[in-house]
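You will see two complexes here that share chain A, one where it goes with chain B and one where it goes with chain C.
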Partner chain A sequence: MLIKQRLEESFFKILMVISTFFVLGSLLLILGTVLWRGLPALDLAMLTQTPQGGYYLGKEGGILNAILGSLCLAGGATIVAVILSLPIAFYLQLYSVPHFTKDWIRLSLDILWGTPSIVYGAIGFTLMIYLGMRASLLGGIIVLSLLELPIMVRGMEEAVSMVPKALLESSYSLGATRFETAFKVVVRQTLPGLVTAILLAFGRGIGDAASVLFTAGYTDNLPTSLLRPVASLPLAVFFQLGTPFPAVQDRAYAAALVLIVLVLGLSITSRLLSSRFTKNIIR
Partner chain B sequence: MSQALPLNTHSSPHLRIQDLNVWYETNHALRGIYAEIPTFGITAIIGPSGCGKTTLLRSLNRLLEEGEGIQVKGQVWLNGVDIYDHVMDLNELRTRVGLLAPKPYPLPLSIYENVAYGRRIHGLDVLDKGNGRNLDRKVEHYLRTAGLWEEVKDRLKAPASALSTGQQQRLCLARALAVEPEILLCDEPTSALDPISAQGIEEQLITLKENTTIVIVTHLLRQASRMADYVIFLWMGELVECGPAKEFFENPKDSRTQAYLMGKIG
Partner chain C sequence: MNEKSKFLKNREILSPHRVKSFFKLSRDRKDLAAHKTMRALAISASFLVPVFILVLYLRARPILATHNISTLLFSTTWRPNQGSFGFFPFIMGTLWVTMVAMIISVPLSLLTAIYLAEYTRPKIRAFVMPLIDLLAGIPSVVYGIWGVLTVVPFIQKVVMPSADRWLGFSPLFQTSNPTGYGVLAGGIVLAVMVFPIIIAVSEEVIRTVPLGLREASWSVGASRWQTIRRIVLRRAFPGVLAAVMLGFSRAFGETMAVLMVVGNVVQIPHSIFDAAYPLTALIANNYGEMMSIPLYDAALLGAALILLLVVLTFNIGPRLVLARISYS
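Moving on to the complex of A and B:
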């Protein structure tokens, strides 16, 4: 018996180490490839210029249009998604909603979460044609915010569910409404969790190519209007990888590197910022 | 020990509980409770674990209904108004009937903001300004009343979570008092505290009873006998006996009360 238990223990220990190694290894592989191929191709011009004539043939220019475009798309979509998600998360967690309704809402969100982003893109495109809209920043923001919504709601809901019930009650027993409790107590108490949910959603939004392909379009110009098409980093990667020129393909890796650094940088900054507001959290 | 307060038998009760029944799903937790809680002084609700003490207490500010699967039937009259009437505004009720929980849960704010929170949400801070007082002085006043001022006066901006459990409970007391409740419900308020802090809280409550009605749930008979002016004894969801503390402890009428006080049951 003892030997069997020991074997079990060591078997699972090895399994866990291997799994961890696989995950970390994949991450390192991706980072390594992007750095190895992208870093030499990355120069200041790429970050500060828009594509000039012949950029996609390997001539000069940069991807500033895609960098700013992606920030506008994902930033706008994340703001819209936060405005929609916070009330949903509070509704599900703080208000006495029948179990049936809650389960139904959660199931819908999970199905939305599992829906491939190309489907969002296609439906968004169909609706836009119906409404007579052209591919635009606004269209991209709307579709991306729907893509971000389920991941953000579930993340926020998880954070809010961790608030001790007695903490909510101590606010209620001072005569505070649920609304006051939500925005004055729960938001402060769960800020790190909320920030994580927002970052996860932002990461999904800024990295998605399929949903913005038809709805936001692509352009070599900088984003200037909500109603004009806008470029994005995932599509910049996609288009450059699709060319037959190795120099342009290397630029695709450089664009991917920029995308990763953007997400990483934002993630670190917002965590640092939110940690300044967590000193009051009740544990 | 407890002085004979004139209100115990003569003045009108602050709360009148009338045929109060509570069910958790199908479990009939409180069965037809009739009781009166006198104005001012300390009323202790005592009884063994699971007898419905906390249920009864939490039904008095309707915090009970925050749980799931709970059904309440009956009336609780507060100054002649049934708090279970559908026109009752829950937030107003909870402003007038405060709560001190067993384990202190400060809000995720600074020490100062914890006390100011209630005044801010009810707009009392604006009123303070209009009367030429200010919020700072009110916060100081309630921290002093709760016996915490001297320990925190130099670090009001510090997080409330940095205080010790005993200090946190006094902060919760100050926070509850800051909305000026007429009734303060205390649910085993010393159960998480060390003896010294517990004694501090007891002393504050005894001072407060002069102009606030205090209802305390305790499983400590000695605490009840130290503090209470009036006692309600529950057994298995039923009210067995209630009356002035002196009478209750010295001359209990029901055989279950006698057995409980002697330590034979519960």
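Moving on to the complex of A and C:
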């Protein structure tokens, strides 16, 4: 009986170690594959030029349009999302909200988080047709900001909930209103958490392809106007992989490498940053 | 007080005059205005999902009016040119890919979550969890690239020949599609994509099981694994189920990565090596030309509506379960 128990114990323990290694191995495999295939195809021209004539046949050019386009899209969307979600997070955490309203808002934001990005894309495109807009940077920014909203609200709420009650109360006791407390005390106190939430949402926004597929379009030019179509990195990867030329497909791998470096760089920065920006924090 | 009620009566908060005078307002009234703005924002954000459903329903109504809903869902003919829209192959494609993904992902993620929550030292856990978070941050096109470069050749060169040799008797493993692009490739890529969701949620749930329960079990002589299987997992079961459902809904709605590896052939898959055509891929591939054929746009938005409603169901259930756990 005891031997059977021991055997069972070690059998499952080995199984667990194997599956943990499997999960971590898949991460390494993904990073390794993109690095191994993307690095040889990556050169300075890729990063500093826009596609020239015949780029999609394997001639010279780069993906500067997609890099800048993605930064504009995700940057604009993140700014809009911050403006929308900071008040929502403050409202949910600092003001006395009826219990039912609070649950309803949280549940719908959670559902919004789970909504597939292709659905955002489809709805965004439908509304744009209805309003007579063409695929443009503006459309992409609006759809992406809705996509980023729930992530950002959740992260900010978590950060704000960490603020000690005593700090809020001392601010109120000095005669500050809730509005003043929120934007003068809480913002400073939670800056690391807020920055983490913002970078997390930015990372999700920059990596999303399905929602910008129809709303932002694609172009070989650099982004110049809010009302023109704009290129993005995920779509650059997708379209270049779809061509039948190996040279262009190699560039898709290089573009994927650029994308993954951007996203993982952001994720790691946000981790490091959460220990910075602590100048104004009262402990 | 009189001032306040006057302000309350005046609803034109955004008139230019108001905006200009906002900066001259007294602190009290500023607070009140801020409160109202914040509430308006929060409440309008909470109505986004109902608005999405309404928009999709209104735009899908033409096809719901002319076609029977059971024909739409269960007919296998997809010929937009001739006006027949049967979603069945696409629904089956989505279900096949998602099921394969869950079959691969659930055991691996649960074992990993149990290991991280119950066995590892805090130091190793602090090292592994951020790595799993990184996995969650990788964009879906990168998963797609990985699928094309690694998973598809692996299936074509390794899995298919060995499945043919050892499991060829079962129709589940027989196919006429030699490319490697298919249900299994999509399933593997999706499985890796939902690892971080299932692991993170179920690990947290397992760690909320009170230590006292474990100690009681150990004190009567149960081994570690026995305690986990009979006490911890039983207690954590609703939460773990919620984690799995969240993973399922993520897999169900994923577009780009699946689209790149699943083969995109309109058919009902019969084996894990067959090509499939999930709902998400249907929308992504055909949206550009939907305006050229009558009812095509209504059909595609109907597909988006199906997707949204399924994901909605699979999101609400686990959220309610998880909310109950965290309150108790």
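The rule is simple: the second predicted complex is superposed on the first by the 244 of 283 C-alpha atoms of A that agree within 3 Å, B and C clash if a C-alpha of one lies under 4 Å from a C-alpha of the other, contacts with A are read in each partner's own complex, and residues count from 1 in each chain.
We adopt the following convention: a contact is a pair of C-beta atoms (placed from the backbone, for glycine too) under 8 Å apart; a residue touches a chain by one contact, two chains touch by 3 or more.
Just so you know, these numbers come straight off a predicted model, no measurement behind them.
In the overlay built on the shared chain, the residue A:177 is in contact with chain B and with chain C.
Shared-chain residue A:273: touches no atom of chain B or chain C. After overlaying the two complexes on the shared chain, residue contacts for A:185 are found with chain B alone; chain C is out of touch. One of chain B and chain C touches more residues of chain A, and that partner is C. In the superposition on chain A, no contact is made by A:39 with either chain B or chain C.
Look at A:5: by the touch rule set out above, it reaches chain C but stays clear of chain B. Judged by the touch definition given at the top, the superposed model places A:107 against chain C, while chain B stays out of reach. By the touch criterion stated above, A:47 is placed in contact with neither chain B nor chain C. Contacts of A:166 after superposition on the shared chain: chain B is touched, whereas chain C is not. Across the superposed pair, chain B and chain C both touch chain A at residues 177, 180. The touching residues of chain A, when paired with chain B in their complex, are 96, 164-177, 180, 184-185, 188-189, 279-283.
Taken together, the chain B residues at the contact with chain A in this complex read 61, 63, 66, 68, 91-96, 98-99, 101, 103, 105-110, 117-118, 121-122, 159-161, 172, 175-176, 179. Only residues 27-28, 30-31, 34-35, 37-39, 41-43, 45-50, 52, 55-56, 59, 107-109, 111-112, 114-116, 119, 128, 130-135, 137-146, 148-150, 192, 195, 199, 223-226, 246, 249-250, 252-256, 260, 280, 283-284, 287-288, 300-301, 304, 307-308, 311-312, 314-316, 319, 323 of chain C touch chain A when the two sit together in their complex. The part of chain A that touches chain C in the complex is made up of residues 5-6, 8-9, 12-13, 15-17, 19-20, 22-24, 26-27, 29-30, 33-34, 37, 84, 87-88, 90-92, 95, 97, 101, 103-105, 107-112, 114-119, 121-123, 125-127, 146, 149, 153, 177-180, 182, 200, 203-204, 206-210, 213-214, 234, 237-238, 241, 252-253, 256, 259-260, 263-264, 267, 271.
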